[in-house]
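Presented sequentially are two complexes of chain A, the first with chain B as partner and the second with chain C.
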Partner chain A sequence: MDAATLFSVLQGGLVLGALYALMATGLSLVWTTLGIFNFAHGAFIALGAYIAWQFSSADAWNLPLLPAILLTSAVMFAVGALMHFLLVKPFERRADVVLISVITTLAASAILENGLLLIWGPRSKQIPPLGEGEVVLGQISLSTSEVILLVLVLAILLGIGLFLRYARPGRIMRAVSQNREAAELLGLNVPLYFAIAFGLSAVTAGLAGVFVGTIRFMNPAMGSEPLMKALIVVIFGGVARFSSPIYAAFIIGLLEAFSIYVVGLYWAPAVLFFTMIVVLLIKPEGLFGKHQRTL
Partner chain B sequence: MSDPVLHVKNLSGGYDPVQIFQEIDLILHQGESAGIFGPNGHGKTTFLKTLSGLIDPWSGTIRFHGDLMNREGERGSRKWRNFNYDAVTRRRMDPKKVAWAGLIHVQQGNLMFPELTVDETLSISSEAARGRDGWTPEQVRDLFPRVAERRGHKIRFLSGGERQMVSVAAGLLSAPRLLILDEPTLGLSPKIRQELCDAILKVRKTGMPIILIDQDVGFLEQIIDTLYLFDHGRISGRMTREEMPDHDGLMALLFGEHH
Partner chain C sequence: MTVPILSVRGMSKRFGGLQAVDDVSFDVAPGQIFGIAGPNGSGKSTLFNIITRIPFGATAGSVMLEGCEMQKLSPHAIALAGIGRTFQRENVFVALSAIDNVLVAVESAARTLGFDQQVARAEKMLDLVGFPPTMHNTMAGNLPVYYRKLLMIASSLALKPRVLLMDEPASSLTGPEIDNMKEVILAIRGDGVAIVLIEHVLSLLMEVSDTLLILDQGKVIAQGLPSEVIKNPDVIEAYLGGTHV
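Right after this comes the complex of A and B.
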């Protein structure tokens, strides 16, 4: 492997890692706060991409990309919060809420994906790229859109991390995720913070969808493969803290890029799953996991 | 005469389908404190969780300063058992509304928020008070100097006693008009226990009504005006502080002479 190939594999791995990090963060946000797994997360990814396309495409409303992304985030937050009240809230006091929410979120995923097909049709679409041209650093040249993507994803993740650490609602969300009963007894509005967590998670999914839509063609089922990868990331990394899925995402992304180069596209998932199994055999709580789960 | 602080009438409840306690009557007048004494595993904690709305009551009423805290009427248990209770019926009680009214429940052996620092926990509690008059952070720090010393530490790293102090402090900050303390001194070393008891006594002396569950008759005597004996999910006796026998006497009342 020469330097140029190594660099392009590395670059592909970082982009994949950034996308996985964004998806996995949203997934683990809901998992750590509500204790349920959101199978509609993949559909949220597709929904975000389609909404952004509607706002930004020359065939639709033709807004510039930045306002389109901001509007998409707002819509996704509302959708996420609504989904919490429809899919999880009615069952939250049942002992089998985990199982029920698997079914309700799977149902929502099917409804959303088919709804996308109904509204926007089966034709493949693409969102305009984040940037054009190339950035040249010495002997290395990178595509501008990938650089922007990496920077944006890191900025978003940093923003969410700072929000959880220092902002008032973020701090309360961490408290709610750590001890729901104690939070209720202090008079904190727990359902509201659950809805915020769900909304934030939908925003990250939607943004991930937008970024995927700028580099690949979109279809309503575009979220299911990334959802699988995000799941691997969450299990592989563990959810001890907010940052652990992020590290895991970059490890998985780079591993995937290198295994595609070495063993080819078809065997790359096998390498990922094999690595995951080995990690889980050695560290059942995930690479960075601890028994206590928290934001 | 003004409304009693807390008036519980004919309250029954438990974890569906198992009934844990039944027909509890309890009244707490302005400026008074009450104690609950009884063996472990007889439903005291479940009763308190029902008072604070964590569990829906099955029947009966809870009035706090005259305001009804739960929805009245029998809970339809049998008929609705095969339905999703929460979707078919409204919840009968909302813990956050109970807390906003000022009924603050400090749970037994509460871990609080293990990954938050003491300071973060206390500031969340003040925010939860939503502008109602509570204790100020300075007052709480004076009350628990031991907690103030460890303000930057995560709660996970505190000792059991310090954690219990943080729970009580958090309760005080969230603007209580009635403080329910569920075995605050359980399993603490004598020195820490004494510190916590002194602090609770100081809180009591500010005129704060307290409902205290404890196994230590000497401590109960210092805090309370009325003692309720809790046995097999029922109130089996009620006595004023003056009528209270010593520990052996209470055990005899609960279990007969030869316990």
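Right after this comes the complex of A and C.
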């Protein structure tokens, strides 16, 4: 492998890792706070991409990309909070809430994906790229769009991390995720903060969808494969802490990029699953996991 | 009796065929320490659960705080209305520092205060229960049991409750720690907070309680002055079983 190929594979791996990190962070946010897995996360990815396309495309409302992304984030937050009240809250006091939420979120996923098909049709779409041309560093040239994507994703993840660490709602969400009963006894409106967590998760999924839509063609089922990868990331890295899936995402992204180069596109998922199984055999709580889940 | 600050009427809780709490009524006067005792499984903690609606509400009954009905409120609204509670187990946010634990409550009760004022109030609550300033930044999960209990109490007090329900604050504590806990309970009462106290350490309960209520199999079997209640034959039978010595 020559240096140019190595950098190309590295760049591809980092971009994949960044996208997986964004997707997995949202999944992990809901898991650590509500203790459920949101199987509609993949549909949220597609929904975010289509909403951003609606705002930004020359064939639709033709807004500049930045306002389109901000508006998409706002819509996705509202959709996420609404989904919490529809899919999870009615069942949250039931002992089988985990099983019920699997069914309700899977149902929501099917409804959302078919809704996208109904509204925007089957034809593939693409969001305008984040940047044009290439950034040249010595003998290495990098796609400007992918460099901007990497920087934006890292900034978003840092922002969420700082929000959870230092902002008042973030501290409260960490408290709620650790001990629901104590949080209620201290006067916290727990369902409200659950809705905020679901909303934030939907924002991360939507933004991931936007970024995917800038580098690939979109279709209503575009979230299914990323959801599977995000699941691998979350299980591989562990869901103990906010940062766990982020590290895991970059490892999985780089592993996938190198696997594609070495064994080809069709065998790359097998390599990922094999790695995940080996890690779980050695460390069942995940590579960066702990037995206790908390933000 | 003066006008009660907390009035519990006909509280009942049924789990299928089990009547865990059966038509329990009592009044708590302002500034009073109201003790509750009873054998294991007599429904003491369930009574606290249904009063606070955490994690479940009552099958029947009403709870009035200063004349306002509480049972129609959500659990967090009951806490904000003025009924605080501590658990038998140390129910704290283990991955937050001690001061952050109390800050969560302060922020919940006093959103308009500036951050410095919120921190000052949190520190005042920790001081009130005798929590050492050197441990303010220690993760709650790393604190010894006694300090986690103090932290839980300080967090509840940060909501400025009118009534504090304390569920076995002396459980798992050593003799000296129980003595300290007694001082903490008296200090809270001195701060104007009425206390409903469940406790298995009977010496502590007898020393601090103004009134004592005994539960057995979910029912009130005696209520009155502690010195009189412990002589009640029904109470002795409930604790010792069958014919007493």
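One rule holds in what follows: the second predicted complex is superposed on the first by the 295 of 295 C-alpha atoms of A that agree within 3 Å, B and C clash if a C-alpha of one lies under 4 Å from a C-alpha of the other, contacts with A are read in each partner's own complex, and residues count from 1 in each chain.
Here is the rule we use: contacts are C-beta pairs under 8 Å (C-beta built on N, C-alpha and C of every residue); 3 or more make two chains touch, one makes a residue touch a chain.
Keep in mind it's a predicted model, so treat the numbers as computed, not measured.
With both complexes brought onto chain A, simultaneous placement of chain B and chain C is prevented by a clash. Of the two partner chains placed by the overlay, chain B and chain C both lie in contact with A:179.
In the overlay built on the shared chain, the residue A:125 is in contact with neither chain B nor chain C.
In the superposition on chain A, A:190 contacts both chain B and chain C. In the superposition on chain A, A:171 makes contact with both chain B and chain C. In the superposed model, A:91 lies in contact with chain B only, and not with chain C. Counting contacts by the rule stated earlier, residues 93, 168, 171-172, 174-175, 178-179, 181-190, 292, 294 of chain A appear in both its interface with chain B and its interface with chain C. The touching residues of chain B, when paired with chain A in their complex, are 52-54, 84-87, 91, 95-96, 99-100, 104-107, 110-116, 120-121, 123-125, 127-130, 156, 167, 170-171, 174. In the complex of the two chains, the chain A residues touching chain B come out as 90-94, 168, 171-172, 174-175, 178-179, 181-190, 241, 292, 294.
On the side of chain A, the complex with chain C involves touching residues 93, 168, 171-172, 174-175, 178-179, 181-190, 292, 294-295. Put simply, chain C touches chain A in their complex at residues 52, 54-55, 74-77, 79-80, 84-85, 87, 91-96, 100-101, 103-105, 107-109, 152, 155-156, 158-159.
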